[in-house]
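Going in written order, the chains are labelled A, B and C, and every chain counts its residues from 1.
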């Protein structure tokens, strides 16, 4: 029982990371109309940059700070150079993100990957505390805290700032938003800037737990897709609920049944959700006109 | 300059307000608009009638830059309007689109905040006038806009269109889903506000009687052009040909 | 990405296969030939992926799952069950097709985006399962599985020319199958599905089934590719079939050009020449180069290599002088719309004003063909239709008029079965309420749409042919085999299409023009012809005049009169009063989801109440 509870606690922490990546996916989907396959690898690549700086003798925190600035710039570049030019249709944009997914993995292999995988130093303290026989790791608790802070920040942005309100407007009715003077491209640029920073954060939290290598984000990207679908692909808040469901379930499955079934179980949860609720737990139906 | 100059309008100087000249729009080869010319002076309320598919909505969309024009000049106070919708909005053209474009998941107040497109010093005074004209909107301020009735949503859309003190307001399908009484209230408020604050209003509708009753003049759109519709009783020639 | 699909690539495909057959004469180096072999193996599956993406509009980022199934099944039945190699390959291909059909039927319910994510997922799950302990008895787990050598006489099919030509044959089979698919009914139907699923369903196409068929075909050829990969590598290990390979395969199709069958083959050859050209420096550097190329292609010219080559060849032929047959179809599309004769001979505004002379009584006698009773529809609490009663007599033209938002299109949706509603729909005495779209179509209800939704890359005539099949049931395999039964069916469809086009007087010179190049008026005609080709009892027309000029409206009116003379009952939504007056026997006015009045066109159009609805009652209240 103690083991199961510990697994659930670490599953929740992992689930919040998944939820955060899922949140980025949905946020970008809502503002730019496309599910971005490359967000995971964007985080991976940025984490490599921080790693290189650290390896060259810089402190970990300064390196992470510089990495965050680079990530913002990187996010802007991704939108302005890869996704925006000669604006294609939805399918074309999707394929662009897939091409970017390939490109970033290849770039990481060429520039940083000679001796991968690497051990990545943790920003968070090790160890933990026991509460009622259940081990709570500091890193997990801090992860939960970080995610809560970020969620609060986003909620505040959507509720109290003009830019946040415009994000919601574009997500609901892109055309009407433009009629109200909302500069959608500027918003998309901001969205990618934020997405770049969040992706780095995920990379920094994830890399110490597993190892740092060019394919490190593939599993969590899949989990994040599953979480987004479970939460309902149009619901920003639902992504975190979906993330926790996927995180806990896959943690339990890999502990008790074997790690070769984790992805399969996430897929099964996703398909089951779709079978019961085609729009996910919190999603709304998309109305189409003839 | 345009077909309407004969009218004794409130135009203070040549070129003030919205002016559309020789507008052409095509959709996959079909001529939707074919040399349409129309002007709306500050403080004037102009109606545009025509049967379904005549191109009324397209006219408004072309002004806002949502529909690409193949020829023609659209200018505001003598300055040509850009082709991007967000830039048109910032230049001072507000547009209540077909179906009203209400953000159902946002509150009424949030919807209205989105209408403040540019910094305008007169904003406070117009808000006061609007709150007087549409008291229901004030009462519903914290409701989710999606829960409002069609008539209430129309009020919110008009409120949102005017709050940013535009030079010109375009209203598409004013009467859609409104009861005759709600419609009358809405358009009377609209006309009064436009006149009081020098905002030109262009209303598009199928309901030509309403337009004739409340507008300074009504134009009929047919075959991609407009002509002035002077005799309100001459319905037969307008629709039944 | 979902660019034009082509069905005229037979000759380029043959040429490319011939070049590949002759390539060993020029490319003599063992490693260079090896590169071509791998390229051809990928191409076997890439062609199938093109069928899926370019022709049926579905995505797959997990196509190497089916490569894996083909390869592992083939190797496993030989090792464990001692099957000979030919049945083993067949088993591999069939297993891949079967799994693709099953998984496909799960994923096609997810839209465009869902299937992209789902297949991506599947690719990762498959690798986990193959390398995991659960299937290790069959797959060898992460240790891998040796492929038993395949020989004909003393010659091993796993090396040299024998390998090369075995793979070449597999590619030829795959290309031939996929080309054939694009030419038969199933392929055309899939393209309608890609364009618009609702329209496809109304034309009687089994949307779900056609999508699964494309999945199965793509899976089958991927399985064949997997078998070839097994021959080539001789030893199967899970990381040969990872998600990177699946995504590379998709990138190959994107770079080669979707909807062209030949493009993906070019893409595969291009990819492997590029990768191996730089293999000496570093494997990852070549990956980097390739992903840069993919990105450049999808950003800068998303139609892909095939389109580039095609344009190049056209320019060359144009330089050589005109009259070359290959330049013919290119010229065809260049006919300016203005020169195209307008359909129908009686044009001009004057025609609209004249009231149609009636020989028969204005309201036809006999039992009604269609009776609606209390049709009601709610959209999330908003009453779109509030109990509509309507009766349409056999042989009449019945118009529905009313202001925007009155519920006219919703009413047509209820009759054709797209929109569930309360109340009863009775056709010819039979209650058809609750019957699906396809059954109602078979009972004789056809319809058009406000936006024609033609398949832009099919010709006008082909678009009509899709609508001309009495039923879209039947086996795609039999169609591809070209058995007499399916041929007869195709011939009947072609004849019905011709009959429909002739009935509408559609100018012959425009029959073989791609629908994307037709004017709006012509598209409306083709939409009507497509609905008419099924020889319906009742034709529902949704705003056939919207967005048309006076001349074109006259032509549509002429077409509807032709339809009426052919004995088809017509229910038409219209706004143009002159048009209604000319064509309609009776008229029903809808306002706020209710029937305001109904009667002969002449009476209704002069009714004071109706005038109010059209021009607004707001002023009176």
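Observations, loosely collected:
By our rule, a residue touches a chain if its C-beta (ideal position, glycine included) is under 8 Å from a C-beta of that chain, and two chains touch if they have at least 3 such contacts.
Since the structure is predicted, the reported quantities are computational estimates derived from the model, not experimental observations.
Of the two chain pairs examined here, A-B and A-C, it is A-C that is joined by more C-beta pairs in contact. Using mean Cα coordinates as chain centres, the one most removed from chain C is B. Chain centroids computed from C-alpha atoms place C closest to the centre of all protein C-alpha atoms shown. A straight line joining the Cα centres of chain B and chain C is 41 Å long. Note on chain placement: the centre of chain A and the centre of chain B lie 43 Å apart, centres being C-alpha means. Each chain gets one centre point, the mean of its Cα atoms, and the points for chain A and chain C are 35 Å apart. Note for the complex: chain C touches chain A at residues 1-2, 59, 61, 106, 109-110, 112-114, 116-118, 120-122, 124-125, 128-129, 131-134, 198, 243-244, 247-248, 250-251, 254, 282, 284-285, 287-288, 290-292, 294-295, 298-300, 302, 409, 413, 418, 449-451.
Residues of chain B touching chain A in their complex: 64, 66, 84-86, 89-90, 94-95, 97, 101, 103-106, 110, 113-115, 117-118, 160, 164. Those residues of chain C that touch chain B in the shared complex are 337, 352-353, 403-405, 518-521, 523, 543, 545-550, 552, 575-578, 581, 605, 611-612, 614-621.
The part of chain A that touches chain B in the complex is made up of residues 162, 165-166, 168-169, 172-173, 175-184.
Chain B makes touch with chain C in their complex at residues 27-32, 49, 51-53, 173, 175-177, 180-181, 183-184, 205-213, 223-224, 235, 238-241.
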